[in-house]
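Okay, so subunit A shows up in both of these, paired with subunit B first and subunit C after.
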Partner chain A sequence: MAPRLFQAAFGALAAAWLLAAAPAVAQASEQAVKAAFIPKFTRYVEFPPAMQPGTGQPYYLCIIGRDPFGQQIDRAAASETVDGHAVAVRRFADTSPAAVAGCHIAFVAGADDRATVAMLITLRRQPTLTITDARSGKARGMIHFALVEGRVRFNIDNMDAAQRGVGISSRLLALAVQVKQ
Partner chain B sequence: MRTRWCVSLLLPLTAIPAPAWANDEQQQNLSSLSIEELAQLPVRSASKAEEPLSAAPTALYVITAEDLARANGTSLPEVLRLAPNLHVEKLSATQTSIAARGFAGFETSNKLLVLIDGRSIYSTLHSGVFWELHSPLLEDLQQIEVISGPGGTLYGPNAVNGVINILSKDAADTQGALVRGTASANERTAGARYGFKLGDAGAVRVYANYFDREDTPTATGFGPALDESIRGWQAGFRADLGDDASHVTLQGDVFDNDTFIIPGEGNHGYNLLGRWSRDVSGNASVQFQGYYDYYQRRSLLTTDRLETADFEGQLNWRTGSHSLVGGIGIRTTRDEFINDLNAFQLDPRRDRLWIANGFVQDKFALSTRVSVIAGVKLEGSSFTGLEVLPNLRFAWQPNDRTLFWTSVSRAVRTPSRIDRNLTEPTFLAKAPDFASENLVAVEAGYRGQPGRNTTLSVSLYFNRYEKLRAVAFIGSPFPLQLNNDLEGDEYGVEAWGTQQLTPWWRVSAGATVLKRDFGVRPGGTDIGGAASIGRDPGYNLSLRSQVTLPQGITFDAGLRAVDSLPNPHRDGYVEADARLGWRVSDAVELYVVGDNLLHASHVESNDVQRTALIERNISLGARLRF
Partner chain C sequence: MKRIVARTAGWFRNLPSAITAALVVAVVLAAGTAIILQSEASYREQKSEETQVQAGILAASIVAAVDFGDAAAAQEAAEAMRVNRQVRGVSIYDRDGNRIAGFRRDGRTPLPTLAASRAFVSPGIVAEAPILRGRQQIGTVRLGTDRQPLDTRVGRYAVIGLLVLMAALLVTVLGVAQAMLRRANRELEARAAALGAANTELNHQIDERAKAEEQLRQAQKMQALGQLTGGIAHDFNNLLTVIQGSADMLRRPNLKEDRRTRFAEAIVEASGRAAALTGQLLAFARRQPLQPEVIDVNAMIRGMTDLLDRTLGERFAIHTDLSNETCLVEADRAQLASAVLNIAVNARDAMPDGGTLSIATQRVHEETGYMVAICVTDTGTGMDAETIARAMEPFFTTKAAGKGTGLGLSQVYGFASQSGGDLRIDSVAGEGTTVHILLPCSDAAPPAAIEQSPGETRAARIGAVLMVEDNEEVGEFAEALLRELGHAVTRARSGAEALEAAAERPFDVVLTDVVMPGMSGIELADQLHLLQPTLPVVLTTGYSDEIASFGAGGRPVLLKPYRLEALAKVLDDALAGANNEKARET
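So, the complex of A and B:
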């Protein structure tokens, strides 16, 4: 076919599509949903009194190691307020104790499972709600994300949380695929 | 699936706010949902096998979608200038030479493997790439991975000096409509895409891309005064179905363009590709891919047709501290080359070639910090026997921000049709014994984040080439015949880095330095002046600044310096480019782009047959999304 004719035909076709179709809403991405979940966990967790933020202080949400969320989690955290406290995102390459001491919630993803476990062990010194993702590896924090039937779900290790003094609300436990008591 | 390198992890600390378009709004919506609602939301899963770029034990540079969104270029070869480990020479409006680690030149840059969504695009005619045959919508690209060096075991045939792996976005990530237009004195482009959902777990996009590039003026002392303008379009679709556990992709393109050196000439072609990946268990996955590709080029009274059918299968398996990958690929091409310009012909004029490869690679973690990657690839074509191409790599990560790597590998370029079958009744005899060109490469590199806001990659390489193409008299004196009598050493350094100066200002720099020492092998002959090794600049330097301001304003500027070329001499040059972008609203983005701002024109190649003047150019552009 003559290219000119083809061009004209295609142009007409494209225009028809543009007119006919309403803007489609993109299905949420897995990571975007996780990024929306994580700041919300703050509401459903009770920290020991010593760990609770002072007046005007935020809850610290730490991304330790690899960051699969980027700006998504910053935006999600910015829209979250828990009892008058904001949620502030901090990122750390590793778990050097001084740096992560203030983390209320920590999403942990090391270079591999062993690195993640090492980070989780360091965080066990303090009452931090640790979160991991099946996508990053097998190492599990108190909350471990997994994709179940095309939905973002999680497992909860309530025993570990209780030992660290982190109380997880029944509303969150009810959503878990599995709870380790 | 080959590992997809995930660049967003490299600079997590103060990443540039991405031009996020719909993402902002989407995240707001998600955040307004309750945890119960979130837990019930069907999601599209993230692409698998993503690994942080910081762990890649190879000289890899990734051009991200964000880089592409604010790049000056409107064509694939132009945006490849963003990769500091590539040397891009624009010869004219139509022709570009792209090389990694040497062999620059239109006919000599024949040692790269270039893949578009798994489809190989180098030509079996001469093992090079005809860049003017590929015009994907740049807005739909996910990323471009550029490996300099042999690329290891995982990539297919012709991955000798580098691999350019161009990946388009999942159709689910290109929903809605996009329209783009640019205009300048030298070029007009227009593009449109529309993406829509297909049931619960599927998505489709269709696109069309149009370009009209004016002739580049003839350079003094170079090139005949030909009309090098080109005008054409490419259109296509991509459909993605399923999730990570079982994912099907079907995509295809069709293109047609007109060239004007001889009226009525031009190129057209089409392709169709299907890919299916499936998790067999938690630790294993398989992928199958097949494609068909056809094109016809008509240029300067020659007609070149190539038909390709390709099938690949791959298995990934993790067990304990081992990550195994194995695969096979088989490709058959049927070509035809008709020359009405002069007496050079391919004999046979039409031929079918078979190219097959198989590979297995194991990544073995000796400890959390040290891993060994050992692989072997077998590669053969109907021109050659089986070649054994081993690859051994060590990676040491003393901490999460530092990687040292080293490798030794062997690679070959199997003969092209021209290498073996080109003939002319008086002057050139066929070369039925032309063998594969060989490379043994030793590399070492560092990649890491030496500071909180700094990334750096440095790689060193030493390449030993043997059996490179040469030409000798075999009669008295004619005919000539191509042979494998050139050999030599090459070594160099490639370095690039990024410094996030403030949350809104990022600067990056790149440099490559190359030294070469080639000659005729003992007892061999070459009367061609080592033409096949190309003509490379000794250095390439680049500096780039990216400023992201409030109110959706971005300002990008780049400076590049390229060393002179010898034989024939072409001056070194320094050129600058800049782009000012303004995202007026979520739906509207306007930009003004300046290319080659420092001089009215310059010359990038020393190819006397093809080189034209590359001019200063200012263009206006707009993107609309709805």
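So, the complex of A and C:
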């Protein structure tokens, strides 16, 4: 009985670990990929002239709300240089600070979909490339990450981007799972 | 430049055409090969550029895919290259040289790294293009293409090769043809040269022959001249014997009147015969100036029958058969009569035992038009062919020495041909001879009957005569004759002198010699005509080329030697004509 129980207990434990650990491992690599992707988007996006950084000024990559990436995205951004401009990461709790107006790219993850949508609406005042993640909720920015067949892919709402004055390179559009024109 | 081209062209001309053709063929073949090689090289270059461009395009289109590590997107882009059948394979490597996408058409396992792929030598054309994100290389694209399939290329080059070969063949054929043409030309030139030599030789022979013929002719001429001079000498000696003998007799004192008269008559007669002889000579030489008049041949022959009867004698019967069809002829009456008489005498001599002489006239049509034929036929011995052939030669005679001059038929022939007619002889040995005198018909008006009133006497008219003669003796003699006739004579010794005299005082008539040094009688007559158009001029000559050639210009001609009566008559006629003219003018 004891070994059986032990076996059962061990099996249950193992299964529980597996169930718990598998998403965790997937989560880690998935977030790393997204952290690597987000600074790269800068290169494939065209901002209106008023929004473009001045000489010596960086592109601002803002993480608004929850930050699922941590240091990974800081490292990825540090290695990125777009037309001589660095990519600087800024973190905000929400869209209320005035500094949000300087964001070129914003990864938005609210506490829930409502909060995310509210922040996205706020950001629509300005030409900022908004990015959301399916893992965070159903609210969609211009680029919306999704996991397809175990790989990190993204959808692009090119119509929204175009309305905000953000031009997305066709090369990037070619990589998208789905493009909303 | 032009000189260089000319020199090159000349150099080529001098080359044997076969060598030239071979050179051209070599050049054409070399050019063809060069074209093929050049074409192949440029094809390779073009293909490699094309491949490079394709690789570049692919690299540019997958920047984002590689950047985002999206192998599937990169693979999609690579697969799109499959459409191009010439693409053998595509490999896309990431920043680290690891293959992330691509395909191989041959289905073999692709090499996993860029380094391994680079180490492998591909048979096709391979291009590499960096995948650049900004200035940063984030990967590499390798694209291999097939060259055009060999058979396609070979086909293409075969067309060029065929064209080149055909050009070479054409040049070869042309070269061979040219060479053959040149050889033919050379042969032709050689033949032409041979022909030229033969021609030169022939010309030389012709010259030689002409020279030989000329020498022969000269010899014959000399022979004829000897015959002629011999004949003349013989006849003249006879006549001179008579004249000299008679003159000697006349110089004897105490000669009776009747004998004196007989010797003088003998001299006159002999001189007349001598004159007739020279006249015949000139007629043969066709130099005698004829004085043609319109003659009714039938009437003339009728008038001659009595004369012929007397001449031939009683053993001969004369028979005439005169055609009514005959026409008028234009000829010298005296010459024609003499010709008929001559033939009649020949006929008599051919009939030693007597016979019949027939004279017939008829109109015949010859090539040159209608003619009158006077046919004199005898029933004598006839002639053989050789005799007929020589009958018209001067001084050829079958008669015994002293019986004939040999000038008869030749004189007749000369007269007939000078009058535009001909002389023909038909004869059969033993059966007789017919001689035809052919004279052209004349369309001139028939001779008007001369009206002579019986009471009128033609008294000799006397006038002032300008006599021009360069020969002193003849001049003196003529002057004496003219004075004897009662004329007032002024003598000039040249044309110039005569013109001076004519300008000084008026004359009624001019009697001038034709052949004179300086101005000839005819020239003088022309000058005088300009000076005094009505002044009659009488020409006198023994022989004159100018008169024979051009005629006397309508002026009367007094032939030397002339008799006193002839001189009196011609001057009388000239004076009468001048008077008539004056009368008409007034």
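Rule of thumb we're sticking to: the second predicted complex is superposed on the first by the 152 of 181 C-alpha atoms of A that agree within 3 Å, B and C clash if a C-alpha of one lies under 4 Å from a C-alpha of the other, contacts with A are read in each partner's own complex, and residues count from 1 in each chain.
In the analysis below, contacts are C-beta pairs under 8 Å (C-beta built on N, C-alpha and C of every residue); 3 or more make two chains touch, one makes a residue touch a chain.
For clarity, every value in this text was computed on a predicted model and none was experimentally measured.
S.K.: Quick check for you: in the superposed arrangement, does A:179 touch first (subunit B), second (subunit C), both or neither?
M.R.: Neither: A:179 stays clear of subunit B and subunit C.
S.K.: Is A:51 contacted by the first partner subunit B, the second partner subunit C, both or neither?
M.R.: Neither partner.
S.K.: Mind working out whether A:66 is in touch with subunit B, subunit C, both or neither, as first, second, both or neither?
M.R.: First partner only, subunit B.
S.K.: Looking at subunit A, which partner touches more of its residues: subunit C or subunit B?
M.R.: B
S.K.: So, A:82: does it touch subunit B (first), subunit C (second), both, or neither?
M.R.: After superposing on A, A:82 lies in contact with subunit C but is clear of subunit B.
S.K.: Report for A:40: first if it touches subunit B alone, second if subunit C alone, otherwise both or neither.
M.R.: Once the two structures are laid over each other on A, A:40 reaches both partners.
S.K.: Look at A:169 in the shared chain and tell me whether it touches subunit B only, subunit C only, both, or neither; answer first, second, both or neither.
M.R.: The answer is second: A:169 touches subunit C but not subunit B.
S.K.: Now for A:99: first (subunit B), second (subunit C), both, or neither, which partner does it touch?
M.R.: After superposing on A, A:99 lies clear of both subunit B and subunit C.
S.K.: Going by the contact rule set out at the top, does A:146 touch subunit B (first), subunit C (second), both, or neither?
M.R.: Touch partners of A:146: none, neither subunit B nor subunit C.
S.K.: In the superposed arrangement, what residues of subunit A touch both subunit B and subunit C?
M.R.: 33, 37, 40, 44, 151, 171-172, 175
S.K.: For subunit C, which residues are in contact with subunit A within the complex?
M.R.: 61, 63-65, 67-70, 72-73, 133-134
S.K.: Would you pull the subunit A residues touching subunit B in the complex into a rising list?
M.R.: Interface residues on the subunit A side: 3, 6-7, 10-11, 14, 17-18, 21, 23-33, 35-37, 39-41, 44, 63, 65-68, 70-72, 75-76, 79-80, 91, 93-94, 110-112, 114-115, 118, 135, 147, 150-153, 171-172, 175.
S.K.: Considering the complex alone, what residue numbers of subunit A touch subunit C?
M.R.: So the residues of subunit A in touch with subunit C come to 33, 37, 40, 43-44, 81-83, 151, 169, 171-172, 174-175.
S.K.: Write out the stretch or stretches of subunit B touching subunit A in their complex.
M.R.: It comes out as residues 6, 8-9, 12-13, 15, 17-18, 20, 22-24, 26-28, 30-33, 35-36, 38-46, 48, 52, 55, 172-173, 175-177, 179, 192, 194-197, 201, 203, 206, 208, 210, 232-233, 235, 243-244, 256-258, 266, 268, 365, 368, 397, 399-401, 449, 626.
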